[in-house]
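Several structures are given next for inspection.
In the two assemblies presented below, chain A is common to both, partnered first by chain B and then by chain C.
Now for the complex of A and B:
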């Protein structure tokens, strides 16, 4: 049941109609019933039940004794299973949202072990924490400390919450149906026919993919946050204007934030401070000097973390190459840091906003290039397509499957995205009276109905991040 | 405290660590800086900061980090 399906809208309406009629302290139970029903519709309920049961048992055991063995056993069962469904050669079907709920459960187990969160003794409440339906499809990956507080003690009914939730949902649908799904056919066509669409078309493809992925993923998260707010639940933000980042490390602090912080807190930091790495750091400093010797262990940890991040997206050569490429660029920019500093002191224009604009465009293009591992099948094909962009482009116009109205609608949509990304228009909207706000929202709904890609019999494209 | 301030200033000479109180919240220190500081603290004080202690509250200011070091030692 996709967020953009009619069935989902019906399901959401039913739950919402009943939710505020139920006494406050039992509302979470209704969300649990809804979540399990939602998940049962995907046909993979046994998998998530297995995660809920093992997480509950591990939690109880960890409360009795802070044991590494319990954590290891939990990881062998759940992460092992996750890895198996990620490896294409096993031929297993991937259960809906398995990466997201497994990682969320893992953070609960690790936080319990670190005594950073309270145990959830009620198995049904734990089941809701793992399976909360708005965020199960594509995150965000919430921490138990944050989510449990709002999930089991939601805010009372308020017009402000409903209005905010409605706006986020509309905005999400706009991004998904009016922008992403309008452009997706061109990407599908150009990514499949790699012999035809090389050079300029490959460049166009990676640029379009940046727009589609952003609109699709952030649109899905907008819908998630909006739905949760309907129920008085506050879910973490997952994006902070990532395309305005001036370097790749900053980009990853602003894109898919909850995944980035997960890998940082539960893999990068523990690996960096573990005893073998500390010992290696001392040896490295002894032989390589205090500067590079200090950085080398951090770089090794960075590569391991990015290798794992690639694996999280899929156990294929493409995603591993994608992860390693991210890690290498981050290390390279870290190594060039003294050069940058020297450059900034020598050339004062580098502190101007024009240079900052240049850095943003540079980061955007670099990320487009790295993202091409996610677009094309096979590392060889991806590299071939990337290199073709630097060879002379053939001035032949080929139909890429997008009628003029799609271009026009998507272009206007992107312009609206850019405008809405600024503070001033948002502030102006917030200062409007409720009637004007409602009228604008209704107008926006009409825009989605008129320009969105949907309709009877039309199967709206699944969210791209579903597959992770 | 002097030793700690010197470790921090070596990393970012442009920052006044004696007064800054939002080093993590304002993005002054990133994850690379954090692990470098932890390695330097290990050298200078002979103690290891566990991963569970790497939270913004312990790294937002030199004073908070110093309290952590005292607590761990």
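Now for the complex of A and C:
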């Protein structure tokens, strides 16, 4: 059941209609039933049940004794299974949202081990934490401490919550149906015919993919947050204007935030301070000097973390290359830090807002280039397409399957995204009275109904992150 | 106290200010209600605007809806696909035999769709006779969304329409997109024309009591050899719906007549003919396979078809209607031409029919083809 399907909208309406009629203390149980039903409709419920059971048992064991063995056993079972379904050569069908619920469960186990969260003794409540339906298919990856606060203690019926949820859902549908799904056919066409769409078309393709991925993923998260809010549940934000980042490290602090912080907290930091790495740091400082010798262990940890991030997206050469490319660029940026400092000291214009704008554009283009590994099949093809952008472009106009009207609608949609990303329009919207807000939302609903890409004759596109 | 999301990729701030709409509940709720009503009205208008009007190009899409604008006192109702609406002229039936009739036909109308259209029609009138064009019996399953739309979109909302939709949907179709066609036609914003505004609320007629007139001629050429079929049995589904049509007619006291139109293509296999014939005998129905009566009807495929034998032109349709009218007259359908009120209504129909016929013939004479053939 995709968020954009009629079945899901019907399912959501029923759950919502019943939710506030159920006594307070049983509301979480209704959400659990709904979540399991939602998941069962997508198949593979046994896998998520296995994760819930192993997580519950591991939690109980960890409460009795803070055992590294238990954590290791949990990881061998769950992360091992995740890895197996990610490796295409095993030929296993990938259960929906397995990357997200496995990581969410892992954070619970690790937080329990570190005594950063409370044990969930009720297995059904734990099942809800793992399977909460709005966020199971594409995140965000919530922490137990954060999610449990509102998941098991829902608020009273609140018009503010419903209003906020509705607005986030509408905004998410706009991004997904009006922008992302409109441009997706052009990307599919250009990505499939790599012999034809080289040079300028390859450049256009990676730029369009940036827009589509942003609209698709952030749209899905908006819908997730909006739906959760219908039930008074607050889930974490996952984006913070990532395309306004001035460097790649900043970008990754603003894009897919919950995944980034997961890798930071549960892989990068522990790896950086683990005993072997501390020992290695001593050796490297001894042989390579205090400067580079100190940085080398950090770089190794960075590469390992980005390798794992690539693997999380998919156990294919493309995703591994994508992860490593991110890691390498971050390391290169850090190595160039003294040069940057010198540059900024010598040239004062580099502190101006124009230079900041340049840095934003540079980061955006760099990320577009790295993201090519997600667009094309095979590392060789990706590199071929990337290099083709730097060779002379053929001035031949080829139909990429989008009529002019669609370009116009997509362009207007992107403009609206940009405008809406600024504080002033948001402040003005918030200062409107509730009736005016409602009128605008209803008008927006009409815009989505008319200009959305959905219905008969269109491929119902899953959210891109559903495949992870 | 409201909180504000500072780290959001979206425009939506979590101010919770909607809660203030409860400050003056009565006034606010009144205005909110007006907003919602205005939105519903806007969606209604958009629905109307985006629905295809079928006032040019595929005129057949307008046929089903056109029925509701007609008077509802027909002696004869004809249901079926193009073999019904292109081969029988209700105006000829009136002029020659004083029989009032209407064709509830539509392109590739399937047997179950015919049943639900008939059920729908019985809500409005009580015809004495129903003719069912049997060619659609050859379709076992729904064929395509495009043809479904031509039949189902024009039906007024009723339980018959909902059942017709449910039984007709092909893969990827949904009930909601029929009940709220905006969900299906929303992408027509790219092709909206002046016709969509002009015919927003009221469309012009495209037929003559369901008959689509064509005066041009394209003689019958060589037809493809009928391919051998693996199984000649007409489907259980179609028989079940033919049973339902028969029972519905019996319930309303109408005689059911089965008709195969006098056109040679698409092929009507002897095996199919035998099955329908047996059914008619078993249920004491009249079955007219007009292909066996070509001489009696007087059809000459050099002059009486406009598309090489798929459909009759006006000349052919009038000949077949004369033959059919005689048959219906013998079976007791009374001549109503003495009724002044009915005659006045039909005189107007005849006038429009004659005007279109003259217009088409004039156009044919000048250009050699019929480009505009509507009222």
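Points worth noting:
Here, the second predicted complex is superposed on the first by the 464 of 468 C-alpha atoms of A that agree within 3 Å, B and C clash if a C-alpha of one lies under 4 Å from a C-alpha of the other, contacts with A are read in each partner's own complex, and residues count from 1 in each chain.
What we mean here is this: a residue touches a chain if its C-beta (ideal position, glycine included) is under 8 Å from a C-beta of that chain, and two chains touch if they have at least 3 such contacts.
Everything quoted here is computed from the prediction, not taken from an experiment.
Looking at the shared chain after the overlay, A:150 reaches neither chain B nor chain C. When both complexes are overlaid on chain A, the residue A:42 reaches neither chain B nor chain C. Of the two partner chains, chain C is the only one that A:403 touches; chain B does not reach it.
Contacts of A:333 after superposition: neither chain B nor chain C is touched. Look at A:2: by the touch rule set out above, it reaches neither chain B nor chain C.
By the touch criterion defined above, A:265 lies against chain B but remains apart from chain C after alignment on the C-alpha atoms of chain A.
Looking at the shared chain after the overlay, A:249 reaches chain B, while chain C stays out of its contact range.
The partner that reaches more residues of chain A, of the two candidates chain B and chain C, is C. Those residues of chain A whose C-beta lies close enough to touch chain B in the complex are 114-116, 249, 253, 264-265, 268-270, 272-275, 278, 281, 294-295, 297-298, 301, 334. Contact residues of chain A toward chain C in the complex are 6, 158-164, 167-168, 171-172, 214, 218, 221-222, 237-242, 257, 403, 405-406, 420-421, 425-426, 429-430, 434-435, 437-439, 442-443, 445-446, 449-457. Put simply, chain B touches chain A in their complex at residues 27, 30-32, 34-36, 38-39, 42, 48-52, 54-55.
Remark: chain C residues 2, 5, 7-22, 28, 31-32, 35-36, 38-39, 42-43, 46, 50, 145, 172-174, 176-177, 182-184, 186-187, 189-190 touch chain A in the complex.
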